[in-house]
């Protein structure tokens, strides 16, 4: 059984390393600041205690006030998982750091989020639309897209 | 050794009197038409056999709606394709595009001039018959390459490159295995080759030559597992991707005509040609040719396709050395053994075949073919 | 001495016999060797995630049929599991077993197509493909019997399955289980040891373990690299913890191993179905759930081991009758992400079989 | 190319195809030879029972495609809705069967027929008269109605057709 790690406990362990980057932690998920997202996931991936070597999925949700990105991380070694969330504000050009250099599987998913949700990823090697054509206006999965 | 019959028998052929107006010209014309008709009918029969056989091997039925058991299906197909619009891409090399099917189809029909359907029943008993076959059969490759180039389509171009590479490589094992048959016969005439198989078909005397000729011939006529030039899963339809209508029919004719010619050639060289008890000679010939075609279709329905570098490796590393060795062994046997001593040759040759194939199989390994880029 | 050659760009697809849909590869070739590859997707994009936001929770189920249309049952299962997780619905025992039986039948069905079309890409002129379609037809018959449709089953419901199985289903399934092992043996006889197939697929398109995990690749492609990761064992959903089965793995991670893993998984699926039939309880197949499900505010992530790999649905609810956000974790899209690394340096013919061995479905890639 | 076992693998494959050549083909000749479809088949049409329908429009609400159009007026005499217009555009219908499942009065059925190819899209629109059970044109399928399913012919199964493989 894949153990969903309690985000509270993980947060307690991460707090000394990343002070003030964890906004909120409840039972299911860890909400972190987008600036420290890359370092945090990088730490989670490389630390043997966590060893999150496998990225299940990335997705984004439009809450109108902000966009929430949801990262599902899994460790195949320890068979546990963790949900990390981050928020980005503003509808013009919301930006979060890309984690493609950590997980290559993030490549297409981040492009997909950029295409459909309009969130740019800093440091992504090929930030282009993936499903829709280049001249397409708007980002269809946003709630205000009609 | 097998003695060559010096009196080539032309008697069975119903010749027309030379004092007809025009002399022999009528004779040539009439029999040319007859042979072309026979070839086209046989191509249709082959298409029908192939479709039904592949159908049954795939647990289907195959075409069965046109006529009894669907025997008119090839005719219906031909009519359908002939009536289709000839679509021509905009950016083609028009002259070559139009010329290519003609260049491809003419040599295939020419070859049948020297195929002995009965004893001496052929259009021209050339004394260089087999050389003529080898020479002419390569020309249709030019047509294929012209088609691939003129279509201005990348798939066609890849296909054309493949076919040139394959034909150039496979011509050699084919010729060498034919040469070892010719050593036994001592004549280049196609009819003499059949006459020489009076006692025993050459498939028993030349098992290795037969295997090499069959494999290399499959590659020459691009049938499975060497059908790289029209590998539908890779390069769509190969060189005739851009062809339609009557030009497509001509290429189709080339494909099946070559296959029929190949089975005729195998019949002549290795299976004793028109020889056989009870049935008329021409029927024996057709039956043997159809049997060879059955095997070709059987392989077609079963085997995956090889890759281009594996195709080349098979030719140069496997078939060519074996064909050379076979030629040398045959030459020694012909020189050293007394005539008619095929009781010695058969076991020796079969043993040599088994040993050589086992030895050469050790040379190949899996998983190669990656190129660092 | 190297001859200077000019690379050229070959557009394979969107309409090409072996791209399994409307996939397009811009391959840069040097002669026949692939030096670069850029996948271009989106030709089948229908905006399923956006459509799902406009429909009721039940109304999304027919949409999930059309994602990976080769294995609709698995998509149904993943989706309804997500909704049940969201709404906290407990599914009756019998329904769980029926779901497992259907999902495993679907796995066999999908692998038959995957292996068959892989052989077809290798150039075996449709014969193994049609032989496998014959067995797929038997499974499709069973699905038609229970759900009334042959491709888009729409069988699973929130809180169970739509209807109980008819009485003639179990005898037919028994016959199928009796026939299938012999059919798989026949496939093995057909091409398992075929020298040409070995030469074509052994050592071709090797994917390493680290690369596979890093690229989020799942399913038989991951297991062929030797990673024993199967969500049915790693995170047993439904009633999978009650069955005994092995996870077949490969060692080299090449095309041949992927094909072998799929064949081995078919045998394991038969084992699971046999056990499920023995344990199949009686009782209701569906709990009473209102037509318009209104799950509480929250989010749920449910993943299953679909035939192609990890398929997951991420649902966010705002306590209305339609999901606020429905994200589909695309198995096929992620499995494709290593295609470029696998194919570079191989010939164009290898590119086709590497692509075929990944087993993707464009309905799921583009959504 | 390695002949790992010198062509034995190829020979085995050839034997399989040869065996299949002499087996009975799996396919059936469609227009002459018709197989029975599933009793629960969701054919591409709907059947509608005018007597039972109350005009509640649950089907229209459930339809994920929104192809069911229903217009009712109040019938004060019988104290129920009168269905004035009931129309389904089967060209857009995806045959998911959710409307049949949702109908609380058992008034809607999936159709049993599957050969309804038409030349125009407009011919695919079915109205109330077309779908009525009383018209006799429609054979309802057993989808969600086991009592109808019991009367329909048994489905032809391939597992039962092919017996050669069994011991």
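Labels A, B, C and D are assigned to the chains in the order they are written; within every chain, residues are numbered from 1.
Operating definition for what follows: contacts are C-beta pairs under 8 Å (C-beta built on N, C-alpha and C of every residue); 3 or more make two chains touch, one makes a residue touch a chain.
What you see is a predicted model; the values in this text were computed from it and never measured.
Chemist: Quick check: more C-beta contact pairs in B-D or B-C?
Modeler: B-C
Chemist: Compute the distance, rounded to whole Å, between the mean C-alpha positions of chain B and chain D.
Modeler: 51
Chemist: Between chain A and chain D, tell me the centre distance in angstrom, where each centre is the average of that chain's C-alpha atoms.
Modeler: 44
Chemist: Can you give the whole-Å distance between the Cα centres of chain C and chain D?
Modeler: Result: the chain centres lie 25 Å from each other.
Chemist: Name the residues of chain C that each touch 2 or more other chains.
Modeler: In chain C, 127, 131, 134, 190-191, 194, 196-199 touch at least two other chains.
Chemist: Scan chain D for residues touching two or more other chains and write them down.
Modeler: 1-4, 10, 13, 16-17, 20, 26
Chemist: Give the residues of chain B that touch two or more other chains, as numbers and ranges in rising order.
Modeler: Chain B, residues with two or more chain partners: 57-60, 301-303, 306, 310, 364, 366.
Chemist: Pairs of chains that touch, anyone?
Modeler: A-C, B-C, B-D, C-D
Chemist: If we count contacts the way the header does, which residues on chain D are in touch with chain C in the complex?
Modeler: 1-5, 7-10, 12-13, 15-17, 20, 26, 37-42, 58, 62-64, 94-98, 101-102, 110, 141, 143-144, 146, 149, 154-155, 157-160, 162, 165-166
Chemist: Within their complex, state which residues of chain C touch chain D.
Modeler: 55-56, 58-63, 65, 127, 131, 134, 137-138, 141-142, 144-149, 152, 154, 162-163, 166, 168, 172, 175-176, 178-179, 182-183, 186, 189-199, 291
Chemist: Which part of chain C faces chain A closely enough to touch in the complex?
Modeler: 41-42, 45, 47, 49-50, 211, 213-217, 227, 229, 231, 234-236, 299, 301, 303, 310, 312, 314, 316, 324-325, 327, 329, 333-334, 336-338, 366-367
Chemist: Under the touch definition given earlier, write down the residues of chain B that touch chain D in their complex.
Modeler: Residues in contact with chain D: 53, 55-61, 64, 298-299, 301-303, 306, 310, 313-314, 318, 357-358, 361, 364-366.
Chemist: Note which residues of chain D are touching chain B in the complex, please.
Modeler: Its residues touching chain B are 1-4, 6, 10, 13-14, 16-18, 20-21, 23, 25-27, 29.
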